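The two complexes that follow have chain A in common; it is paired with chain B in the first and with chain C in the second.
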Partner chain A sequence: MKSNVRSLERVENIKGWLLSGPYWIFAAIFFGYPFVWLVVLALSKWNFISPRETIWLDNFIKLFRDPMFWTVTWNTIRFMFYFIPMGLTLSIALAMAFSKAKRFKTFFAMSFLIANVSSGVAYSIIFTQLFSTNGPVNNFLYDHFGVFIPWFSDPNWAMFSIAIMVTWKFMGYYALIFLAGLQAIPKELYEAAEIDGATKWTQFWKITLPLLNPSIVMVMVLAITLTFGIFTEPFMITGGGPLNSTQTFMMVIYTDAFLKYEPGYAATMSIVAAGMSFALILLTRKLIERKVEFA
Partner chain B sequence: MKKKVGLLFLTVVMIVAIVGFSEAITLTLWTAPNPNQNLFWKTLLPEWAKTHPNIKIKWSQIPAAGSSEEAILTAIASNRQPDICTNIFSGFAAELISSKAIVPLDSFAGFKDLVKARDMSNVIKKWEYNGHYYVLPIYVNPMLVWWRKDILAKYGFNQPPRTYSQIYDLAKKVVIPHRRYVYQAVTGVNWWSRWFDFITDYYAASGGKPYIYPEKQVAVFNNKYGKEVANFIYTLFKDHYTAVDLGNLPFYNGAVVGMIMGPWSIPYAQRQFPNILKNDVVVTPPPVPDNYPKDKPIYTFADTKGMIIFKTSKHKEAAWEFMKWVYSNPEHDVLWIKLTQMPPAREDLLTNKLFAPYLKDPVFAAYAKYVPYSVPPALSSKTVSIQQAMTNKLIEPLMYLKTTPQKALNDAVAAVNNILFQ
Partner chain C sequence: MTSKKMLAQNVKAVVFYGIMFAVSSVWLYPYVWLFLSSFKPWNEIYTTFIPSHLTLKSYSYILSVADQMGYPFLRGLFNSIFISVVVTVSVVVTSAIVGYAVAKIRFGGSKALFNFVIYQMLFPGFMFTVPLYIVIRSFGLLDTYAAMIVPSLMGAWGVFMFSQSFKSVPNDYIEAAKIDGANFFWVVFNVMVPLSRSTMAIVTIFTFIGIWDNFMWPLIVIQSHPKMPLAVLLAVFNKTYGGYVGPILAGSVIQTIPMVIIFIIFRKYFLQGISMSFK
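Showing the complex of A and B:
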């Protein structure tokens, strides 16, 4: 009896390894090996061509002394400060609008996803043209109000303008996540609240928002990850300027690795940036994640 | 028996050797990912194949990546680099040279003959590094200023401005705030933008003198020429004669009267704005300080790229043979002009009858004329860092009027020297 159980366990064990084996091989090749290589690079001085030299923690010391690292960290915080409130508010509003739609709900939702799947390069060019000095937005503002906004050419405006673009791109995607969250909230809760005399505003603050917590946490996690990975928009539109106000981690990592031939230093910055985003995600979850039960 | 076996073995060895030696060599060639240049190689390579059956060329564009340099570096790191590669700019060449990744071309027999045959003795001198030549320049794109003839005429100017003061005088008449400016002083805030504004203006003001002293690798652009240029840029922004953002297609939309352009703008203008190109464009060298001698030629920046042979190539002599074949025949440069409209790196464009048909186009003729007066950027492996420092310490403070031209220059030179001494 015992031996039969053992033999069954062995068969199950083999089956398990066989089924998960391809994934492990894939993960080892495409995640494990690059990760190990990333750590090796971060501890090295190399220019792609000459032999690699191990310099241990020198790249990390150099990084924390590099003013560009601190500029980029500050830019990332500024971007988050603009993007997360804008993205959350607009996508929740959009999701609530979707949930109220009687017809073509899916069509509207999918329409907003077009921005998300469109090419970053293409829409960056379109936005550059729309918001340029002699573009339609500024022409309208100048002709009707006599004002002119230096969207991408003023250090105080440039990051905000990029945040507007990124919000436009991701608003529809985040709204779909919120829509799923809204649909999961039982209608009875609203009916009961109405009977108790709660206004729509109270219902939103006391029912909708608390019960949307899992979706809010998910969107926050996605938004933080996105913030540390932003590249196409500033690269295409501002080149990191004016006065380095739109330099991002990804832009500096790319420039250091492939234009300044310092992949070791770039690897160090990517590890630190990943660590920062991971820490921020943990902090966010700790601060705002709540257990939600509908029953 | 032993004799028979020995004879058989010898025969087999001889057959293998004969087959081996007569087997065609295959060279890998990577060229710039540019449709016009692709057409050039596509046309040329079948001719080579006809005349050189023993040296086959496996041609492809530089693989898709963020930049050519990125693709080439990745290839080097994984030991997949080609034998021959084009699209090499000076800064990248310096990095490849200092890492001993490429071959000095003057080590091959016939190098001097090729330089003479292509009439490029002066052009190639600017590519000298440590007393050797590692890159064969393919084309030289002088940076010149396009002026809107129609706007100049409207305000009573028969000639485009030549000096800084003439530009200020023109600005006083043509500038309409938020609508039209006189000259694009700054071309962007990317590291490469400095080639097309400060460095171009510096070469013009100094008569082609270096901004980084080549032997000692010391930045020297806080001299009197640099001061003139910095003051010029600063004045344009301070007096609102130019703006940070000039909008879309500012030259063609008439948002700016003058703008630095490369010859690659010609085919674009031919397709998109043929009337403006035909009737309203006049081309001049970059502006110069007021005291610049009238009889002295004006120098400018050369956007130039070249061809190299990698040290890892197993067939360096064959690669050199190919390079010689491409560039010793002027007909190939005629084809190059026809397909790319970029001036080849040779000094006889105005005198060689073969090129005469292309000089009928006044805009292309202007570019051809300035090839001998075009200077490439400083050969430094730290080009990107240097030009980022120029942007952050010099150009942006001037654009946003954050400091005086003198202080901006001193800060930029200090920052660049700091990079060079590291």
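Showing the complex of A and C:
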């Protein structure tokens, strides 16, 4: 009997390793091996062809002295400064509207979510045309308000315009996350507040917003992760310009590795960018995450 | 008094739905504009919203003239479909098997495997772009379909999703199937997967859309136009022939439509997936 149990355990053990084996091997080749290369590259000077030269931390020193690195860091901060407040407020507002809507629910949800499945290349092309100097949006603005906005051609506007595009794409997605958060808030809290004579405005600030904290943290984490990965929009629309005002980390990594043939420097940049996004996420959680209890 | 109250409520409802429809149409506008413009005569693209008459000129240009110029869009479409389907099928099948190993087989490495999957998901994908290129290059796979397909054949996220969903399936189901003489694969694909249909739908949709929309990676590893997926071919064409707005918009419609169709068919699961993947 005992040996029977033991042999069953052995069979399970062998089965487990056999089934997960291909995954371990795959991960070793396409996760582990690149990981080693990432570290090796960051410590090397190389142009893909001539022998690789180990330069230890010189890439990091070069990075912190590189004005482009600081430009990109500043661009990333500017993007988040536009995108996060705009995305958060609009999607919370939309989620509240969703929760109020009794009819046409599917239609509303679909019209905001369909933006989210738009292909990056195609929607960059659409917005290039819509926001072009003499495009439909400017025609409309000029005819009705007499103004004209240099969406992508002015260094002060270009990053903001990209933030508008990204908001357009992700607002419905974030709103659904907030909607799930809103639905988790017990109705009794609002009823109690109503009896105590609290206005809708106070209810929003004292009940809705504090209890929405987990969703807010989640959306902010998603937004930060997204910010550091932005590539298609600047690549397609502005090429990083005007005056490098829309260069992002991914744009610079792409340029350095594949156009300037400096994979070592690009790998260093990607490690530092990933570190920054990680630090920012930790900071966000530390600063705004609260323990929420639905009593 | 009550009728006045009702009137006020009705006015409120009309204003609310009015605003909602207005805002949704702003969100739909870029798509509608794209769709209409791809059928417009070329001189009307910027000037009118509703075309004076519909024409297929932009489509015939992008599908046949561009082909003669060395930009085979029809082939690009098939490349995209081929790559996305192969990767999606592989991810779903392997994730189900490995997810089963994590959730239901008690073996020495199951805890380690689960932790490893979580650990993999912690790292942002962009960190690996440059080193993965070097790995693919050292295998001699640059400018091949394999370069676009092989690195995505399995994924930590899919394994994670399936393992979470399988954990909630009672072991009795598995035992019952085994007593009936079912082998392992039968258990996974005829017992476990049907019980986790929504997880399968979510993994399918998000993987398919992710691969279909993947831009940077194929841009880096593919050089020759006939092997490019639609997104990259469209981007390359746009860089060189940016003036041909009509054909480019027609190409964008072709690139977008499959995702929109998938979205509309699976919208129920898509909505579920958003709230589920964050629990």
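Criterion: the second predicted complex is superposed on the first by the 260 of 295 C-alpha atoms of A that agree within 3 Å, B and C clash if a C-alpha of one lies under 4 Å from a C-alpha of the other, contacts with A are read in each partner's own complex, and residues count from 1 in each chain.
Criterion: contacts are C-beta pairs under 8 Å (C-beta built on N, C-alpha and C of every residue); 3 or more make two chains touch, one makes a residue touch a chain.
Just so it is clear, the structure is predicted and the values come from calculations on it, not from any experiment.
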Report for A:Ala193: first if it touches chain B alone, second if chain C alone, otherwise both or neither. neither
Touch test for A:Tyr254: chain B only (first), chain C only (second), both, or neither? both
First (chain B), second (chain C), both or neither touched by A:Thr133: first
Figure out whether A:Ala109 sits in contact with chain B (first) or chain C (second), or with both, or with neither. second
Is the number of chain A residues in contact higher for chain B or for chain C? C
Contacts of A:Ser119 with chain B and chain C, given as first, second, both or neither: second
Please indicate which partner A:Gly172 is in contact with in the superposed arrangement: first for chain B, second for chain C, both, or neither. second
Should A:Ala180 be classified as contacting the first partner (chain B), the second (chain C), both, or neither? second
Looking at A:Phe30 after the superposition, I want to know if it touches chain B, chain C, both of them or none. Which is it: first, second, both, neither? second
Which residues form the common part of the chain A surface touched by chain B and by chain C? 48, 129, 134-135, 254, 258
Could you please specify the touching residues of chain A with respect to chain C in the complex? 9, 12-17, 19-20, 22-24, 26-27, 29-31, 33-38, 41, 48, 94, 97, 100-101, 103-104, 106-115, 117-123, 125-127, 129-130, 134-136, 139, 168, 171-173, 176-177, 180, 218, 225, 228-229, 231-232, 235-236, 249-250, 253-254, 257-258, 263, 266-267, 270-271, 273-274, 277
Mind listing the chain C positions that touch chain A in their complex? 16-17, 19-21, 23-25, 27-28, 30-31, 33-34, 37, 45-46, 49, 94, 97-98, 100-102, 105-110, 113, 116, 120, 123-135, 137, 150-151, 153-154, 156, 159, 184, 209, 212-213, 215-216, 220, 231-232, 234-235, 238, 245, 248-249, 252-253, 255-256, 259-260, 262-264, 267, 270-271, 274-275, 278
Name, in rising order, each residue of chain B that touches chain A in their complex. 66-67, 69-70, 73-74, 76-77, 95-96, 99-101, 178-179, 188-191, 193, 243-248, 250, 253, 255, 381-382, 384-385, 388, 391-392, 396, 399-400
Where on chain A is chain B touching in the complex? 47-50, 128-129, 132-135, 138, 142, 148, 150, 152-155, 238-244, 254-255, 258-261
